[in-house]
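Two complexes, one shared chain (chain A), two partners (chain B, chain C).
For the complex of A and B:
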């Protein structure tokens, strides 16, 4: 089955007309964008759920120390890689926003259809962390500066610092104090204790533990600043990961 | 379609069949996949709770283990059949491919990639996070839980088959991918593929350790590592677009004016 036998277009020509070319290329560009979106969704989601998932799954895991540290650092990996590809190759400052939007679509479908729909946890317990404003921030810094170095330093720090404030409007109501049977706890804790999971005992051991707790109200800014610092470093690494995965190298068949 | 048949066609027929882009097979495949997964999800909703809690119960064997013993051989056959068909019908005169036909094949490959991407979504996103909520809710007494039977042994093999089909299609029909192996395409297929063998590590670990408290347990990080290789879709997209540009030089200005 060879191509060389095709009829209908001049010999050696790819396209019959300019209209055919334009129509076909526009359609194919859109499909390729959907391909990129779906693949980024899948790979980012498996990365995020298995490195930061527990803090993202449950309202009672969304604490003041580990959640604002772990979630932005882990999310930065794919944001940087995606920016590297879209900016370096296409000058499109959309990489970070696109990839966090993809992740959130995957998460929301899952939280509704599976966490709520299959295992019957209330959405109040399982909604995902907000990330889109951080994506805007990173893309805007890259667009204005045109520099991945500046984006790593300014964008990376802002990425970490922004995480808690952008989630606060939703989270605040769950940090209302409650007293149950003489025990002081938050509304988030109370919801968690009413929906026992295998993750519940781990919560007791891992969340809000350690000497930082003694700093009281200062825990969040310290954690956010630390997340920003590590996000800068992660940005450097994953920008280059994105470049590496954009390779157009070929291997000789004998090499494989 | 052989040469004799082609010669017998009228000019009008030839004009009709000379469509350079046809994504309908990809759309249909994704539609079938969507219906299939929605059906499977409904099955899971009902029989997960009704028959999926105790692996020693007879109904577990009936509704879950039978499903697994059915899907695994079918997947193996589909994997071999797709690879075998594409190899057997490969273009043995790849150097003679005309530009228009090459473009047609590249666009068909884009359709394959769309199907692969759709299947990656279901496997890596939908069924994997779903597994998290099931195992935080129901304590497992077997490696072959309802969520695993649909995640590890159904949705993962399906995306592997789709990726294999895309890779083999490119390798057997498109000159740039036939003569050499694209490193990006190899990683794009082989990385997510390796998630499947990594299940061996995962399940082996679960036979030692009770790790249900944390979905982020280090035992799961093998999935993360191999998942990163899906980013090689960047390189594949570049290679496809580079070739489209090369084959469309005459309309470069029109494309830039868009």
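For the complex of A and C:
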């Protein structure tokens, strides 16, 4: 870009016109957006595959206890870090929505391309968890409160609580019951049984394993509150992680 | 010239952006695709350690009811499995096991599975030393030619792969259906059930997120905001108007969540949690006690090589004379041609129909006890890497011997123990 000043513009002026300058800013903005989006997509996708993994891959892992606990907590890491970057540097209320959208685009490419396209697992076995409304919640709480502390507490709790309800509209249909050879199964169990996964035996599912059993059948709210509380802690940690990642360090000229 | 380029650059921002997006998506596609790119062609049936394959599950009587099917046709994969008494210490016991199929993706779906009479969509428990009968009903889904194995996954032990057979499927996966009757009576096609709605729901929210991001991006971009924050005017970027937009958006989003949630509950008022849990108490095969007693007296094998020699003491406590007809281990079958006059129907790569010989081929009379040397000799012993036993921590062999009476009645005896490797010239550990 400095090349144009040497040949084309009057001495001392970087830009020929205001329009040229604005055009360059807009172009750089778009490049930034695309690059940031791609970087967040790649890194968040790897993070989420490693930590939420099977819980997010398979419909028959999406139970009422482990999945709504694990998935929001590990998703919170990148949401908090991304907010820290977008909010403190740019006052942009899009940190959380951007990462969850990036993650979901990456996941959908993966599920459609690999799980369905190459291995023929039907999409109703392998669709990802919905997260977008949680991103809206977190971004707008931060925007209105203007405080990352409030966002950690209120936003974090809501993040955990929203997870199951926003996934239920898709999940409910697969929790209808069917009978196979005299055994009662939900459609989710049945899809997992029908569509053979050689490397994923049934026993690695963790369907409602745990110790907290005193709330009867209300398993989800307990898991959701727990996920909310842990999400608060994760938010504190990863907000600072994001802050640390978005600092610019310069080298002294003598060191170069 | 170059400044002209700058101007045209600014003008063609939009086309560039589109191209960048396409490129970005392509890169994202490639990156997310890579980890799964390893082909499933080599499914590792030989790479499992020899002692593991010989001393855990002994597969026998494995049958594939068909080897050629059309899409939507069903076949049965049946057989028996003996849980080896000397189950290796290095492998977890089969207290939690899952009857599975070794195939490259769900090219055949598992319609039902039984161990004994018990349906096993879930994990079940097996006892060491016992024999179990299984049946898997498979329905052809995708056209092609596939190697289909019976397999039992053992928790903390890994998948234990049984014999495999090539299955040819004709037709087109597009025609495949998987009808399932719900408890409330209606029938659905599970192959496609709910998929369209799943797409709509997910892409609706994703579009909303994209709109939100673009709205803020288009109003002031990234760099301008950075300069303003740097100049200490960050507070001006989010004023009352912006907060109002935020509050309204949040209200609409939460209302949307509520509406979708209520609609799902109205449409599906009766739902169940997922069903899971260990099935215990599955009965093993109820068979009379074997009238043949076999005692292992030692043996040796060549590394690398194609030969296993074992010395056994055989006592015939039955009423008929018997002859040793078969040794089976790790899915391989070594047959004694004196006993098997015709070749049984079994995958060729696992069937050594002249692979077994005995030092004394006369029948063992009722009440008689005889010392025998059994020679297992076939290239398959080496090809299937059973001679790699020397490289295992627990280099003991294992398997089943089958004895036959003149009327064809079969008696089974488990055999196993330490064997001494003989290293040939040029072979290295």
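Operating definition for what follows: the second predicted complex is superposed on the first by the 230 of 256 C-alpha atoms of A that agree within 3 Å, B and C clash if a C-alpha of one lies under 4 Å from a C-alpha of the other, contacts with A are read in each partner's own complex, and residues count from 1 in each chain.
Heads up, the rule we're going with is that a residue touches a chain if its C-beta (ideal position, glycine included) is under 8 Å from a C-beta of that chain, and two chains touch if they have at least 3 such contacts.
Every value quoted in this text rests on a predicted model; they were computed, and no experiment measured them.
Engineer: First (chain B), second (chain C), both or neither: which does A:199 touch?
Structural biologist: both
Engineer: Given the touch rule stated above, what does A:43 touch, chain B (first), chain C (second), both, or neither?
Structural biologist: In the superposition, A:43 contacts chain B only.
Engineer: Would you check which partner chain A:169 touches, where first means chain B only, second means chain C only, and both and neither mean what they say?
Structural biologist: Second partner only.
Engineer: State whether A:106 touches chain B only (first), chain C only (second), both chains, or neither.
Structural biologist: The answer is both, since A:106 touches chain B and chain C.
Engineer: Who does A:182 touch here: chain B (first), chain C (second), both, or neither?
Structural biologist: In the superposed model, A:182 contacts chain C only, not chain B.
Engineer: So which one touches more of the residues on chain A, chain B or chain C?
Structural biologist: C
Engineer: Go through the superposed model and pick first if A:251 touches only chain B, second if only chain C, both, or neither.
Structural biologist: Once the two structures are laid over each other on A, A:251 reaches chain B alone.
Engineer: Of all the chain A residues, which ones make contact with chain B and with chain C?
Structural biologist: 1, 3-4, 7-9, 16, 20, 22, 24-28, 31-32, 34, 37-38, 41-42, 45, 89, 106-107, 109-110, 113-115, 118-119, 121, 197-199, 201-202
Engineer: Mind listing the chain A positions that touch chain C in their complex?
Structural biologist: 1, 3-4, 7-9, 16, 19-20, 22-34, 37-38, 41-42, 45, 60, 62-64, 88-94, 97-98, 100-101, 104-110, 113-115, 118-124, 127-128, 130, 132-133, 135-137, 139-141, 143-144, 146, 162, 165-166, 168-170, 172-191, 193-199, 201-205, 207-208, 219
Engineer: In their shared complex, at which residues does chain C touch chain A?
Structural biologist: For this pair, the touching residues of chain C are 1-7, 9-11, 13, 16-17, 20-21, 24-25, 27-29, 31-33, 36, 40, 43, 96-98, 100-114, 119, 121-123, 141-142, 151, 153, 155, 159, 173, 178, 180-184, 188, 190-195, 197-199, 201-202, 205-206, 208-210, 212-213, 216-217, 221-226, 228-229, 234, 237-238, 242-243, 246-247, 249-250, 253-254, 256-257, 260-261, 263-265, 267-268, 270-276, 278.
Engineer: Which stretch or stretches of chain B touch chain A in the complex?
Structural biologist: Within the complex, chain B contacts chain A at residues 1-3, 6, 11, 14-15, 18, 20-21, 23, 41, 44-45, 48, 89, 91, 93, 96-105, 107, 110-111, 113-114, 116-118, 120-121, 123-126, 128-130, 132-137, 139, 179-184, 186-187, 192, 212-216, 220-221, 223-224, 227-235, 237-242, 244, 247-248, 250-251, 254-255, 258.
Engineer: How about chain A: which of its residues touch chain B in the complex?
Structural biologist: 1-9, 11-16, 18, 20-22, 24-28, 31-32, 34-43, 45-47, 49-54, 57, 78, 81, 85, 89, 106-107, 109-110, 113-115, 117-119, 121, 126, 197-199, 201-202, 241-242, 245-253, 255-256
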